[in-house]
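The following pair of complexes shares a single chain, subunit A, combined with subunit B in the former and subunit C in the latter.
On to the complex of A and B.
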């Protein structure tokens, strides 16, 4: 079976230099993601998860190594047609307060020069999906945190990217909203076959959402291993109660604690 | 009775912030008038407001009007030109590190230099017309605008810059889409201070040497011991300065709508 590699992180090292000391955020990190896969990155704080995802998005350049998407490799500068395929969701909503909900949502469309009925329909669809239609002319600092974060997520989807990069998007939300959004995310991914790299602190969330989980360690940031999640798709919240789910969780937590991946007995 | 007052004061109605200060002003003027009459204060020490207003209205057309408009012209033109000059300078300085390193110390000089000391030189180079005055006003005001704007352009959130990068924004796209709107509160702080600076510079220049403009009338009327006219002119200068400031504040409310 031919495996089409959508994203490939190739031996990326990132060292942050400062006057006091150099910090090796990532050391020789390699990952690969196939088309349509949902991959999570988990690990303790400071293990470089956010750094990896920012290097893929080309917000930060790697010190060494490169990223390949759809066969195109880049280090310092990402070609604009590749950037167009990426949708980035930030940890905190990251909305511009002088713009309304709709204006914020349309920002990527403006940036990538996407106009026309198709995109207007997309905007309408996402507004109703995120339950923000009747808030479209509200300024974003008047929304609740949950609404702001939902807007942040749909903004990353508005230009219909093939790949979603999500940096702990639901971290600031309460457990119930989080569950709700997790399932909605799975739903979107299933329908649209998006490739997703998802960063989370919650091991349970990673097991619920992903096909594979990369486990990382800190100081320096490295990949300990990857866990394939064999749970059937489509996933549902009640899978969290199963024994299999708990075993996957345990395996990952154990790996984070012991800094190595042991095999399930 | 007390309860009626309390209820009234707790509900701030729309124009209360204008009406109450005006009431205070009226009280002050009434007291002033009263004191001058009762204590028989001579006109050469403190003229009564009635005399001041009388002088203002009778003499305005003949002696004051052309000067009033000269001051107004110099102030407004100098101030309005200062704003884009200051902002542009700040934008370039904040976005090009080399420029920043080269020119930062001069920005400080720009703001702190007492231009009135350089005034004789400016008069020598540019003459006695309105141009040198407008230049002085512009330089002092734009310094304030620039200094505050630079601070504003520097207060950049890393996350928002990442957002700009994630949408492929170039240096100047990120500037106009994020850095500049984000800095508007600081820019307007600079504009407000620049307004005050401009008003003081305009009058300072007039009082210091130029023969036209309200400031010059103040010194003239003082030497002529026409104190009601002196006060009338002071009143006009205050009027110009305060009005300009209030207009600036009003525009600020409209531009930085999301903070209100």
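On to the complex of A and C.
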């Protein structure tokens, strides 16, 4: 039985060329994600996780290989209608400081040309969801880090993309806020059936959130393993205390072969 | 809070106190040492001249020079921004012009004044052109620096939302470069004044530069100093103006 592939990364190699040396960020990396799946990428710093999702988002082109989304394959240039289906969350919120919360949130709508009541309602809903309704006219540099990051996440959701690409979105937050946002994220994804590729340093976070975890190594960046997380959905924070959870964590850490990543929280 | 209030008060009072001390000191020195009238004017004489000739000579000439500077400046600033946008947005265009922009910026364009006068004659127009030539290059250079140093992460954001060239300019490039634009405005304000006065020196019967030259020819030192004071006033005003506008426009924390 072949299930429809939502995203497939096809033998992607990325070499960054500089005068001094060439860096092979990714070597022959292939991944596949089915519709509605939540997939995490874990691995040490510099293993190319950010590079992979930037190639999927077409921020940078692959040196070799291609990406296929919903049957459409691209390398250098992503078709606009496919780009519209992607929502990207940056590691460091990446908000525009010269605009208010609401202006930042509406920016993708402006760029994609989405107007009307439906989208205004979407904006209101996301403002309230991220608890930023009262801060809508505040300039984003005046928000706390947690608020900025929440805004970064809802901005990626405002144009209702089918696919979310998230680059360590909660890395800068404290453990409690991170747990809270993890569960909120799972909630949204369940309700809206989104396909997610999530990058994280935290093995525990990846086990909590994902259906599958790809494990990567560095120098050159390659996929060295894949762990299927069989925990039942919907997930909850108390699952973190279960033996099954710990076993999955150890499986992943084992695959990395490096205990420095065991940020068991 | 009380400390801050005291400091702000001091910011205001201290320079004024210094000025008063200097003027009084200069006055005393000039009078007691009987410095000749043709060499330097005492502060009291300068002030007397400023007041007596204000409406008849000083203000009209001041208005003319200010008009030349402002007209040229208000043309130069948008022109500089526009050309900087073109140079940075259209890669080959920018590369082609790169060495020439350096030449234009580093040449004091007042050397073109004699040529400009041959082409455009005496009068308002030639002064305005000289101001524009001298000022727009500086605005353009500052803008180019700003436009070429945009945070790459923000451009990545633009890519993710499929922003067009003009959306990138409107949402990221221009707002991000506002500090550079205002800096260019401040810097070019200085050369705007110089260009106008220098052109007047060369060929004019009206304006502050002309007044300085004519009063020096007649050894009317008081009037000469009075003109110099007015030039300084013009320069200061023009320099402060962008900073005031900047405070109104940039309401966010950078």
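Rule of thumb we're sticking to: the second predicted complex is superposed on the first by the 255 of 265 C-alpha atoms of A that agree within 3 Å, B and C clash if a C-alpha of one lies under 4 Å from a C-alpha of the other, contacts with A are read in each partner's own complex, and residues count from 1 in each chain.
The criterion applied here is as follows: a contact is a pair of C-beta atoms (placed from the backbone, for glycine too) under 8 Å apart; a residue touches a chain by one contact, two chains touch by 3 or more.
Being a predicted model, the structure only gives us computed values, none of them experimental.
In the three-chain model built by superposing on subunit A, subunit B clashes with subunit C.
Look at A:244: by the touch rule set out above, it reaches neither subunit B nor subunit C.
Of the two partner chains placed around the shared chain by superposition, subunit B and subunit C are both touched by A:107.
In the overlay built on the shared chain, the residue A:98 is in contact with subunit B and with subunit C. Look at A:174: by the touch rule set out above, it reaches neither subunit B nor subunit C. Once the two complexes are overlaid on chain A, the subunit A residues touched by subunit B in the first and by subunit C in the second are 54, 57-59, 80, 83-84, 86, 88, 90, 92, 94, 96-98, 107-108, 111-112, 139, 141.
Across the complex, subunit B meets subunit A through its residues 159-160, 162-163, 165-169, 177-178, 181, 257-258. Interface residues of subunit C facing subunit A in the complex, by the touch rule stated above, are 153-154, 156-164, 167, 171-172, 175-176, 178, 250-254.
Residues 54, 57-59, 80, 83-84, 86, 88, 90, 92, 94, 96-99, 107-108, 110-112, 139, 141-142, 159 of subunit A touch subunit C in their complex. The residues of subunit A lying in touch with subunit B in their complex are 54, 57-59, 80, 83-84, 86, 88, 90, 92, 94, 96-98, 107-108, 111-112, 139, 141.
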